[in-house]
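Per-chain residue numbering starts at 1, and chain names A, B, C and D are given in the order in which the chains are listed.
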Amino acid sequence: MIDIDGVPTERDLKNSAPSEDRIRRKPVALHECYQDIPCDPCVYSCPVNAITMKTLISIPEINHEKCTGCSACVAACPGIAIFMVEKKDEDGFVTLAYEFVPLPAVGELVDGLDRRGCIVCEASVSRVFSLPGIEKKTKTTLVRLRVPPEKVMEVRFFRRRVQA
Amino acid sequence: MTYDIIIIGGGITGVSIAYELAKKKAGKILLLEKEFLSAGSSGSCAAGIRAQFGSEFNIGLMKLALEKFEVLAEELEYPADRIGLWQGGYLVMSSSQPEWESLKARVIVQHRLNVMTEVLTPGEVKYRFPDVNVDGCFGATYHSKDGHADPFYTVFAYGKAAERFGVEIRKRTEVTELVRDDQGIKGVRLADGDTIEAKQVLVATGAWTHHLMKTIGLDIPLWGERHEILITEPVERVFSPMVISFSLGYYIQQRPHGSFIMGLPPEQKHRWFDPAQFDISPTWGFLERMSDTVQRILPRFKGLNIVRQWAGLYEITPDSHHIIGPIEEVPGLFSAAGGSGHGFMYGPGLAPIMAEWMLGQSLSYDITRLNYQRFAKGELVIEPAVVG
Amino acid sequence: MKKEWHVYLACDKIARLLVSLEMNLVCFQTLERRWPTPLRRIKIHPILTFPPKPKVQFFFEGEQMEGAEGEPIAAALVANGISTFRESVDLHRPRGFFCAIGNCSSCLMVVDDVPNVRTCIVPLHQGMRVQVQRDKGVLK
Amino acid sequence: MKEPDVLVVGGGPAGMNAALAAAESGASVVLVDRFAKLGGQLVKQTHKFFGWADRGAGARGIELAQKWSHAVLAQPQVETYLGKEMIGAYRDGIWLVADQEKYIKIKPKRTVIATGASEKMILFENNDLPGVYGAGAVQTLMNSYGILPGEHYLIVGSGNVGVIVAYQLLQAGAVVRAVIDVLPRLGGAYWVHAAKIQRAGIPILLQRTITGVYGNQKVERAETVGVDDKFRLIPGTERTFRVDVVCLAVGLTPLSDLLFELGIQEYYIPELGGFVPWHDQTGRTNRKDLFVVGDVSGIEEATTASLQGRIAGLTAASDLGYAVDEQMRRRLIEALAEFRCSTLSQNVCSGLDRLAGKEASQ
């Protein structure tokens, strides 16, 4: 329960998730930020002004139609609470900010974890990248995971299997 | 409710007299303390104990006190390691030829009273206490039975023992005025307005005594003066005596706990009669003067870290002696205050005698000359061996 | 491969479920071991960089150890796996690193014969002799 | 004897900003910190900060520390005494700084206290055993010196400090067994911070408390037990954690020793962490020449601390007759109020309200 231990439930997610149809079309950002934190970098990171907030302490609103899926907000969010999801044919993709080392290799098989750290599926790393400008400023790396399409709203983290 | 005796003040003087009175079955006794036991000067003092005084009267009295300290833990049924009596001796340093002569003269008096003080040349001091810097020292006197006790636990021990004998102790109870009529003392009035009646009232409130006596029109010549102390980190015991100089004013001692406690008299002497004036905030000037002094006297310990400094009030009288005994203008009223920096060491010695006095018994040691009336008669009791 | 994956997945799920029911399981702990085995000195970090400092030798209870020049003595000891820095004065209980900012006196040690040194803030230098302090400290 | 316009005690976010604001207004400043490096606790904060994007939100604490400390060191009006401890405050206005074998005396016209906070401790069996650490100590070891004190960790307390330390430990490559908290819900951590560690597999076990740590000369295991709504232990819910470090993140309390020495009016306000000096919205205490900013004025966080520092620095400078941008000062006060509007600051706000009410009743 979100107000007990901070992990959002389906009810919370409904408020911020893009429509199934939208996810199918093109990558889209969604936030899992449900607390009135005095914080607004996501608003300023968006090149197409798809994220809006009434005041500093409001909860952000993402206009999913405007969103181009550039993932700038994923890297900018101080709370690591914005994700990029996408469904393409038989594949689903989740892009998340990853602040750990060593970084996974592209193509590496990893365990996809849900919001409580439980393994929900096998995932593979499809892209490891950072946004110029943002990387330099904050050392945040983005990882794009390939997951089963039905898991894009579940997988929020991953764990590497192979250790040095 | 009427008490036989009310004692105001929960310092060493108040609790020890309460204990002695209760032991003599003096009736219903109430002790009132405005904060907690030892909150005033008793809890701020350096807690040295010495018999090396100059006048016969004081030497005799302090001998009694020392003997009492030696059996205190047993008598009060309190852990001896807490009362912490440490008889490491007092090393009284001289800094001029005349001072040295007068120290030696005092030793003669002390020997007459069986206080076996040793006379040491600077060389002997160096040999016995190699850490002491004897530059500028003309000689020193040393009495091995002088020492130190823990002021907090000593007061607590007396308080506990007094309670066992039936004394009622009320802490956080402030007396704002004394109550009298033509016949004599009636009782005390508390801060909350209540009046408590008693046949006898003893004021043992240290520097606050002048203020309290004033509420019934008495003008007691007793004032507060800020004195400062600092204490270092504890280390294993390496140094036993209290090093002290009457002319330079310093005293330095390693406590049983291992920390060094030291003090110097104030540069500027205030005469504070009114509690509103009392300022016991520490000063940086003291820290500087004290560090310089200890580095000069005990250079080996200059690397010690200072843990804390604080200040407390000496309760001073014109002749540096207690004002003790009945106040004749107000029958039933007694005072026991004005130790002038020696209240803690005198306390256990004075208490039994004071109890005898209050109960109309014959005194086992004649302290009547410390009565308040001496100022009117001009019979001051002069003591040459005081610090500050 | 595929089959193993499903068994593994089921195992993890059960373990997590039991953990959420607050039951302690060996299974859970084996899963955790999949994280990298940590070394006392952090080699790689996603955010921070630790520029290499010159190595110095020092002695703990006579035993030679290695640390980085200028880091607090206590940090070097922790890096060498030392946990007891002093004994409490009365009960002689072991005391170690606690506050790290010179406040708590849990890390007082004898350094080059000087007792009561706050090792959590005093920098390490070549050849220092560091000893567990078992008393209040003896002035030399 | 040094006689600067403004003395700042503490070189964290509040202190650095106070020094900068005062110096930029023209005042001469002395800044004292007992560490050799400026930044205070910011140097341990590897996570990104919330706040206004145009005021540097999204930057990590370590980056802010660098930015501000460069600015302070480059500011010719500020003299810094680093690695020197403020050991005494005296009522005649003299401050003593210990410098190796001597004292430096400082007699400032205005003083800004930004000494921060100290960690609270809780009671459990063997809580003095090596291996029991304050969260700040683990952060110092890990983030300042690059050393991990152990391999397996149990974290007590689910406030922001607790969950952030858990995350940082993960980043450093350690194993965190769990975060426990005696409360029935998160002990003040932002939901997003708590979500971050849980998705990485660190459970947050609520209504659970630590009863003791055991081991030979050092922590080898920690015993915990569940509690009910009235904080009574529930027999049968005991659980052992095999850990070598127990990290206590059970709250902070203002480090107000210097204020106590000066007899500054303090009140007990639990929402602000304990005894808190009375102060107005510019940080001024009942001693008109003394300001408090940052955690010492009530436990909050780095963004508010830096704003408080700015405001107090400007106010101190304007007290002394330096021309101060009044509009900017007002904007900063408004920004501080805006930041505190969040329900997350409800506690702090009610604490501050109570503090303000206290003076009125005097």
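In the analysis below, a contact is a pair of C-beta atoms (placed from the backbone, for glycine too) under 8 Å apart; a residue touches a chain by one contact, two chains touch by 3 or more.
As the structure is a computational prediction, the values presented were derived from the model and not from experiment.
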With centres defined as the mean of C-alpha atoms, identify the chain lying farthest from chain A. B
Contact tally winner between B-D and A-D is A-D
Can you compute the centre-to-centre distance for chain B and chain D, using the mean CA position of each chain? Integer Å is fine. 44
Taking each chain's centre as the mean position of its Cα atoms, how many Å separate chain A from chain D? 31
In whole angstrom, how far does the Cα centroid of chain B sit from the Cα centroid of chain C? 50
Counting in whole Å, what is the centre-to-centre distance of chain A and chain B, each centre being its mean C-alpha position? 74
Could you check chain C for residues that touch two or more other chains and list them? 20, 35-37, 44-47
Would you give the residues of chain B that are in contact with at least 2 other chains, written as numbers and ranges? none
If a residue has to touch 2 or more other chains to count, which residues of chain A qualify? 99-101, 116-117, 139, 159
Of all possible chain pairs, which ones touch? A-C, A-D, B-C, B-D, C-D
Residue ranges of chain D touching chain B (in the complex, touch as defined): 87-88, 90-92, 94, 96, 103, 105, 261, 263
In the complex formed with chain B, which residues of chain C make contact? 89, 114-116, 135-139
Of all residues in chain D, those that touch chain C in their complex: 34-35, 46, 60, 62, 118-119, 128-134, 136-137, 140-143, 145-149, 151, 170-175, 177, 201, 203, 205, 208, 217-218, 226, 237, 239-240, 242
State the interface residues of chain B toward chain C in the complex, per the touch definition above. 233-236, 238, 258, 300-301, 303-305
Using the touch rule from the top, collect the residues of chain B that touch chain D in their complex. 279, 281-284, 287-288, 306, 309
